[in-house]
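Just below sit the structures, each encoded as structure tokens.
Two complexes are shown next, each including subunit A; its partner changes from subunit B in the first to subunit C in the second.
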Partner chain A sequence: MTAKLSSLERSERRLGIALLAPAFALLAGVVLYPIYNLIRMSFSENKLTEPWLAKPWIGFENYAKAMGDERLWEATWHTLLYVIVTVPGAVALGLGLALLANQPFRVKWPVRLGLLLPWALPLVFAGLIFRWFFEYQQGLVNNALIWIGLSPVNWLTQEGPAFFAICVAIIWKTSSFAALVLLAGLQTIPKSLYEAAEVDGASKWQQFWEITLPMLKPAIIVALIFRTITAIQTFDIPKAMTDGGPGNATETLAMYIHKTTIDSLDFGYGSTLAVLMFIASAILTSIYLRHTRRDPSAGRH
Partner chain B sequence: MKKRTFLSLSASLALGLAMSVSTASISVAQTTLRIFTGGQQRPDVMRKIADDYEKRTPGVKIEVEVGGATSEQQQQYLNTVLASKDSALDVILIDVIRPAQWAAAQWAEPLDAFLGADKDKIMARYLPAYREANIVGGKVIALPYFADAQFLYYRKDLLEKHGVQPPKTWAELQAGAEKVMKAEGNPNLSGFQTAGAPIEGTVCTYLVPMWGAGGALTNAQGQLALNTAEARRPFQLWADMKAANVTPPNLAEIPTDRIRQNFQAGNLLFAMNWGYVWQRTQNDADSQIKDKVGVVPLPGFTADKAATCIGGWQLAISAFSKNKKAAFDFAMYLSSPEVAKAQAIAASHLPVFPEVYTDPDVLKANPWFAQALPVVQTARSRPVSPAYPRVSEVIRTNMNAFLAGAKTADAALADMTRDLSQVIR
Partner chain C sequence: MRERRVAAVTIRKVRKVFGKVEVIHGVDLTFQDGEFVVLVGPSGCGKSTLLRMIAGLESVTDGEIDIGGVVVNDFAPRDRDIAMVFQDYALYPHKSVYDNMGFGLKMRGASPSEIAERVKEAADVLQIGHLLDRRPGQLSGGQRQRVAMGRAIVRRPRVFLFDEPLSNLDAQLRAEVRIEIKKLHQRFGTTIVYVTHDQVEAMTLADRIAVLRGGVLEQFATPDDIYNKPASKFVAGFMGSPPMSFARLTASADGKTLAMPSGTVLPARGGLVMGGLSGGKSYDAGFRPEHVKLGADALPGGVNTTARVEILEPLGAETLALLTVGGAVLTGRFPPQAGVKSGDEVTVSLGAADMHLFDTETGRALVA
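Here is the complex of A and B:
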């Protein structure tokens, strides 16, 4: 009896492995191998523009260079600023949008469409649209400023205004994703809680602080994590709006890697930068993950 | 009735069979070549030339793929195509600054074997600057397609109205612009524009005044020489123009073709731009300045010492093409005096053959070509280096930061020296 079962189990396990194998093979091919190759390349001098160098192994030379590379630290700092500003910004705006979309509207689709459209738009599209908004001569923003009697601003060619304009674009583009996650969270909160609060005489504001926010916490954390991961990789929108300008004042890590690898064809140093960025984002994500794992038990007390 | 149906059926069958046979025989002989060109290099004119070629060369079909508007947008795309050894492109239009890099990366098929014994004779037909630009390490890397240089475009009508002569020096240009702008009082009229966005053209915005001042990026030994007074002159020049409001406050976001658009819309007095602008201002339906345009060589700090950047586009055969011979034949056709003349008339593209400049039909379409030949002959090359993309990035990024006011001249020059010294030793 037991022998029979275990043979069944064994064949099931074999079937399971056989069914998983293609997925594993695919992952190994498109994820593990490229990562292995990236790490290997990061220890070599691999310049496509100078093929006669023959890609020698140079150990930690690229990493040593990176540590003293001012532009890398600047790009890291810019990326961090984008994370600090646009992650809470997008989640806060997303929360507002989600609360709005959760209202009992008679016609729901215009709100839903408004929520989905920025999310469905390709990033570089959003970047180009906002580039036109903030353009000096023909931009809508400067038009509006002139219309109310102010002088036009050089949005995209000054460090502060360019950073501001890019943040506005990123928050607009990414808040709808946060809103979708939060809207799903909102809809899982039982109506009975609000009814009970109503009976007890709690104001709308109290209901929001005491019921909505605590019940929404897991969804908010999911939104924050996803937003942080994409914010670390910020590339498309600043690429389309300023291409890192003026100078390198709005350049992010991902843009610096792209410029090194694709424009200058320095695959060795570009790989080193990519490995460093990978390590940084892995650390940040693991901090978040640890926090969420601890969180539900803390919430139950 | 029955018989007729059968007849018509068999007839249509036979016809169908014949048709399928004939299409099969065509598809055997058919070679499809794909040529890559830029959005700013008049793909419409290229299409017309390709149509002519298809007509005279049965069995060859040409597809024209249009890339980005700027040189580095095109190169970014090509980097990924060529690094992956993609065979989709056969003939590729490349900027005059690229052959050294393309040779080093082995992306371009050397053309010596195709040119054969006639190599020297064929190459001798071109203007010397283009012959030299396309021969790297003794090998022919690409064939010249059209020449280019930067010129000063001006509004003939406005200069005449206010009694200003076309400037020969930067000081004259600034004074003339200030005079006309003040008298016109049009808030949309900008005095002078050159490329300021972080793009390839902005490299020339730095190099042209430096050359004009007698400087160079490297000294006679090929070492970086940015510690000279001449290396500072461009910063001073553009700072003065900005302070006098001759250049617009958003110069740092202006790429090459935006200058042309502003000029063509009637909002610009002096434009530093390439040869293609003339034809657009004269023939575009939306041009506000038809017959109101003059072209002269760029000014210098002194009238006798002006400089300009050499430009122009070359035809490279992809090393990964599957139809290299057919691609070479097409490139040879494109790089002929006949096509040079057609391009000159249709797109005001400057010819790479000296004799085409004096062709009466060409001069009728482009009266300023008479003055253009000496400019093209003396125009200077941007630094030749396989690492040119990096050189370009350092110069344009720092120039852009300076024009935007994000870096002082000292900081921009110091950063430029630091980063270039890693590439040019």
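Here is the complex of A and C:
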């Protein structure tokens, strides 16, 4: 039951709809339609390399193929590994950076700049920088190893070291975003809580454990969610550093989709993979969101 | 009965400098065992800074702070055996009331059974036993205030520090909690240092009041002396509700009388006559509102003069009247139904015997 609207309210409502319409139209054009198209395509055969086959509707054939596609499962496993390693890694390093940046520095801008720079840098740049770092012949890392008396490592052409190098690059690149989110969270913690804890006899470590961490929990969860969403889509850094190599050892889901769709021009199967990735990412995110909703301390009073 | 744990607090020539700004200019104060001392003064007078220095939350630039005979300048807050109630209560929002109150004991390694016993005891005293499972966010302002006090009581410190604990409460609650705090002091007998800018709180709670202004101690005395023998014009004008009002008077050539700008002559009281006043010099004369009464000869020893009523503030039991008297603006306490309107010319009795005189330059009181 809605109450009868006055003419003023009705005209207000019409104006509201009119003002929102362009944004909705834009969203429909660039988000909804492509998603619809993607889903439709995932049920069809659509290979640009074989245009004479036209684009027949093949039902769940692509999905069936995906279930048995070993390379997809490998890429999923790699992506999951990146998520498991780089999400907590970036948030932990980000927390350290945020705590550092929250110290009362006399000159604040170098700290803030140091925080923002990795975040502002394009992902591919970061990938290239770290590719040079881990390069066998002239790389900084190997030079450092030689300097301290160790033998150089073939970082980017061995499975384990390549994964390690990519994780280092991703954590470096993404920790600054986590740090920004956490720094904002830190700054909302009233200083008097620390003073009360100080009077109560808590050491610095206890203050961190008993006040900072629990008070920062909502911000940490936000940072984890955002980091997880981007980690599932990991593409640029491994693309620039190893291009998924050696073999497919560091290939992520997004890279496999890219290779299927763009390199092999198999739009149908590529779309299927993209839909599957979308579903996986939606499930992961909803788990986080459910968790935040259930915890009363995460909400604002 | 448990041992009574109290300590005297001595502040010796304490200075505090923030950057280039000196906010406390060498303050000396001694608080006795179990004394309730209120530090009062306007914003920026350094009262909170002084309290925070006693707590150890601010370093001492110069001078000494002594708690129970030990100079604690280099002691961390946790080692000073003090507890503090903060203005915003500083309750840990993610912890239950129970955990908030037990936190200090937990940090000091008390056993869970000891924590339980002492939290329960404090909760009983403050009547917050039913709130122990709640979080601070689920409590009202007054309840939070009690929890903050409970957290301090549980620790059984030698000195309680209160930093404007009532300023976030509404007027009615403030009066209630004020009584509560006084009861607590009577019950525990712990030394209390209490900071406020509210002179009513200072008057009602304190054994002794330290009035601060601009980082300098103006007066340290009992509420009675602060009210009846203010050491300076500032103290006289700050303490009392409504505050003392002032008129600029000129001493006669023989120094025995004082004249208002309008010509009304007031006798100089008591000892001031004996050469205390310099002939022809101006003085600030202060009158408490109760010493400006409606009607001729309303005060024993009063001087009658005419006054113009500017503004009336009825309070129920009495009416405050803002008056122009002989070129000065004075406040008077009038009876509630005096039949006076603003704009009226009335006769008032000025309590010359209770008049306070202050040096116009230094603001110090002339002691009669």
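Definition applied: the second predicted complex is superposed on the first by the 291 of 301 C-alpha atoms of A that agree within 3 Å, B and C clash if a C-alpha of one lies under 4 Å from a C-alpha of the other, contacts with A are read in each partner's own complex, and residues count from 1 in each chain.
As a convention for this text, a contact is a pair of C-beta atoms (placed from the backbone, for glycine too) under 8 Å apart; a residue touches a chain by one contact, two chains touch by 3 or more.
Keep in mind it's a predicted model, so treat the numbers as computed, not measured.
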Fit or clash - subunit C, subunit B, common subunit A: fit
Touching partner for A:159 - first (subunit B), second (subunit C), both, neither: first
Contacts of A:52 with subunit B and subunit C, given as first, second, both or neither: first
Partner chain(s) touched by A:286 [first = subunit B, second = subunit C, both, neither]: neither
Which superposed partner A:136 touches (first subunit B, second subunit C, both, neither): first
Touched partner set for A:7, first subunit B, second subunit C, both or neither: neither
Touched partner set for A:246, first subunit B, second subunit C, both or neither: first
Which superposed partner A:211 touches (first subunit B, second subunit C, both, neither): second
First (subunit B), second (subunit C), both or neither touched by A:262: first
Shortest CA-CA distance in Å separating subunit B from subunit C in the superposed model: 50
Touching both subunit B and subunit C, residues of subunit A: none
Partner subunit C, residues of subunit A touching it in the complex: 190, 192-193, 195-203, 206, 210-211, 214-215, 217, 296-297, 301
In the complex, subunit B residues that touch subunit A: 72, 75-76, 79-80, 83, 101, 104-106, 197-198, 248-250, 252-253, 386-387, 389-390, 393, 397-398, 400-401, 403-407, 412
Subunit A residues touching subunit B - in the complex, by the definition given at the top: 48-52, 135-137, 154, 156-159, 243-249, 259, 262-266
Residues of subunit C defined as touching subunit A within the complex: 55-57, 76-78, 82-84, 86-88, 90-95, 103-104, 107-108, 135, 137-138, 151, 155
